[in-house]
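Presented sequentially are two complexes of chain A, the first with chain B as partner and the second with chain C.
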Partner chain A sequence: MSDKKAKYQKVAYYPGCALEGTGHAYNRSTKAVGKELGLDLHEIKNWNCCGAMEVKNIDPKLQTYLSARNMQLAQDQGFDTVMAPCNGCYHNLKKAEYDLEHDDASKEVNGRLSAKAGHGSYEPGGVETIHALDWIKHTVGEDGIRDRVKNSLSGLKIANYYGCMYTRPRHIFPEKDQGPDTESTSEPHFMDDILEAAGAENVDFPLKTACCGGAHTLSDSDMSTKLVLNILQAAEASGADVIATECPTCHSGLEMHQVRAEKTLGVKTSVKIMYFTQLLGVAMGMKPKKVGVHENVSDSVPMLKEKGVL
Partner chain B sequence: MTGFADLEADLDALAGGQADPANAAAVLLSIGEQVLETWLDAHGKQPTADKKEGFRLLALHRQAAKGDPSFNACRETCRELVYYFNLISLDPTHDDAGKRVVMASMIARHLLLFISGKLQEAELGEFCCASKPLRAAGG
Partner chain C sequence: MPIHEKSLIRPENLHSHEELEIEGVDVSGHWSTFIESRVITDYNEQMEEEIAALPGGENIHRCWQCGSCTNSCTVHAVNPDFNPRYWIYLIRTGMEDELLRDKDIIWRCVSCNKCTYACPRDVVPEAVMKATAHWLELKGHTEPSPSMQFDEEFSSQVFETGKIEESRVIRGFFARTGQPLMQEWLIEMGKRIARKLPIKMGIAMGLGFLFRPRTSNWGGAKAAINEYVKEQKAAQRKALGLNSGAGD
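Take a look at the complex of A and B:
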């Protein structure tokens, strides 16, 4: 058993705020799939917001502290690995890890705020932060998934959409681009690998790491709608039936702006949007409701039936 | 310098995939370059004439990303545009050439939308025309 396979069997789970709200289906499906795969997931007790975009834009060092507190909590609760399925949370925890190691001012602010709050100050290296894709890829892997598939995704064409925060900036992800079996920052493939093992056909999708306009969604909705519409149309032009997502912000943006594009621009697209954990769960024989498919904006069940997955 | 509205119109014209593939690929690459030139101009920088890995688009991206890591959010978009340029140019009579032009036009459109959003965010321009400093200078 590889080091990662053993290490990631039991992880601290950091769902983050989005997974309690608009991304609830991702929370539900991640937990359900983890349980089905026999992986041990423990939600961090008393976790807080990672600082997301709002705090980071105003005070980046406060965001570093907020993210560091979650890693400190995980460590205090006996874990060496934090699994964050949300790209924003994953990115922010990785960034905090990097900043605390390389930026004295960040370290000073984190130490001061931790003391004021009355808890230990997180030291870099205390825990390892991973994404849900790392978790499944390194524990169960493609062979393990193939063994568990009951409803093959065969016949389903998928455009895997990673968004822009999963791989950028490259310097906060030192474990990526390290050769075979590691993730690529220029051409990410972990989601492709996992869903292909579940029987899906991945289409060539050139916008897999392009910006979805999530940061603009409140300040400039029209720009977000145009960016999303272009992604949806590119997925359709690639022949995809469904876009697989691994980020709640991207996912809700794609779904909401798909509706908005039809209403405001009069352009209808029919490609479905599902979390990769939902697709994986369905492939493993779980009921769509168990992985929260009914919580998505668009109804994917008819398409899954039409493709023979259900 | 061509405004973003005109560039978008050029993209619309190519989006049907009916244009001559080799010519369309060159036009799309040029649109990408003009988008990045606009960004650099808006920041008071002289767009480079250099090439990186044989492409000016990649050199322009590297110039724009210097000191602005968030600009790397369009790095792969630029590289995909170059990839599709190569794909189309190396075999313009391929059965899928028309489809490839359509996809390349979507990639170029994403670059345009992303940069125009960043210009707006930086209060340096409008979606449909040149940048604020250029207008302020009477350009």
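Take a look at the complex of A and C:
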């Protein structure tokens, strides 16, 4: 564990496209929390889109190339670790890593495209890709968080929602399911651990890794609304005040379809939605604005005040 | 959730005679019922090979019909007609007519990867669904689905500049599919955001319309990707026995 603690102090930061748009609050809170914790984030210079959930449907090998280019850049810029807070980016980089090691055809296409594009061809093992949850869990850890809490989240009931891309499919995450200190693909707990250390009460939430329909949020909106409503209602039934998120697509999907369910189905839900980095920042005494709480569609400030967090 | 199995015996394939006597025996009504059997020409024996030739379809032959995919499927839980195990069975046995009954829902896979997580044979059912949706479109059985239009809009922006700008993707997608941008729930979203957003952010978002985010030195990658896409499209059309599609 301690080697990770040292290794992750300084990482290449890959925000991805969503964090420059609808997920801006996640970008802002991740950077602010990192700074507060004394961690060193360096945005990868000249990064490109990882392909998200779309390019793979045109051709999965193109997605491998797009993700590999970012890992190559990070390596060229002197880093051994890439930290991606977005589940989509994180998943795609992990998948590219796996495919380049195990699939000769993917390797061949990546080599060919990299050569034509005029940059080095990424070799698996060049960098390690981690999620923002790994980053905080392994550097600061629960004890470090407990030491820094100024506004305990005590009294706040949280449903931790991880979505699809953080744990599936299992084979692209070889470091998971390796024992109690590692992340679990069936019952993920890193976000639970972090927020519990910040004083929160995690509710028993059965839909931690359910799908929000993010891939079809606009192309099959009725399906997405149904799936999101399942998640919101399950969180409320579990007694949660707020759903903690760790992915910009999940987060904006929950927010958008909470509004859409209200407008198109007449079903109103009152559970709030916040990035885990926002909850952590507020717990460490940072101003809500500093972690972008005002940028959320879901207005959680009155609830935080009522619970005595603010 | 239990998997509801479909019967491949259709009512229109069941025949009986109201009045029939054979060799002095009265077999009227259900006594004379017989099932019209399929003959070899009713099967499309190329279908599995063609879908396997499309990106994502490569491992379809590995399926042993355990049903883990359908059992874990997010969309199946909402719509029981969405049944990856069944479609893989139809493709592998060449039952094109049966597959076409579901042609308008296959694209609805949300790529949650639960099936790929559960599959004991590395079929990657999620990718097989995408390959099947592609096959249906390439063969002209369906119009390009909203999902495919979104993928095309999104990908074309990535290939062009290396990055996407979300509002541009949304506008592009709505234009492609002929939907109005001013939908009640989107207006409500905008209102709720505008209420709290500082002016600075609003201006930055407005400028997004003018300045496209782009990756510098992207030209080489763009040319390489476009060449690859063209080459792959031609190879796919060839594998499906279609003309070169030069007019596309």
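A few notes on this one:
Convention: the second predicted complex is superposed on the first by the 309 of 310 C-alpha atoms of A that agree within 3 Å, B and C clash if a C-alpha of one lies under 4 Å from a C-alpha of the other, contacts with A are read in each partner's own complex, and residues count from 1 in each chain.
As a convention for this text, a residue touches a chain if its C-beta (ideal position, glycine included) is under 8 Å from a C-beta of that chain, and two chains touch if they have at least 3 such contacts.
These numbers come from a predicted model, not from an experiment.
The superposition on chain A brings chain B into a clash with chain C. Shared-chain residue A:A210: touches chain B and chain C both.
Of the two partner chains placed by superposition, A:S121 touches none, neither chain B nor chain C. Legend: residue contacts after superposition of the two complexes on their common chain; A:G51 is shown touching chain C, with no touch to chain B. Once the two complexes are laid over each other on the shared chain, residue contacts for A:S154 go to neither chain B nor chain C. Once the two complexes are laid over each other on the shared chain, residue contacts for A:I231 go to chain B alone; chain C is not touched.
Between chain B and chain C, C contacts the larger number of chain A residues. Looking at the shared chain after the overlay, A:C164 reaches both chain B and chain C. With chain A as the common frame, the single stretch of chain C that clashes into chain B is 80-88; none of the other options in 80-88, 152-160 or 206-214 do.
On chain A, the surface patch touched by chain B in one complex and by chain C in the other comprises residues 164, 168-170, 210-211, 213, 216, 219-220, 223, 226-227. Those residues of chain A that touch chain B in the shared complex are 164, 168-170, 186, 206-207, 209-211, 213, 216, 219-220, 223, 226-227, 230-231, 233-234, 237-238. On the chain A side of its complex with chain C, the touching residues are 17-18, 20-22, 24, 46-49, 51-62, 65-66, 69, 109, 112-113, 116-119, 164-165, 167-170, 185, 210-211, 213-216, 218-220, 223-224, 226-227, 255-256, 259-260, 262-264, 294-295, 297, 299.
Note for the complex: chain C touches chain A at residues 55-56, 74-75, 78, 108, 110-114, 116-117, 127, 130, 145-152, 154-155, 158, 162-167, 170, 173, 184-185, 188-189, 192-193, 196-198, 201, 208, 213, 215-218, 220-221, 223-225, 227-229, 232. Those residues of chain B that touch chain A in the shared complex are 69, 72-77, 79-80, 83-84, 99, 102-103, 106-107, 109-110, 113-114, 116-117, 120-121, 127.
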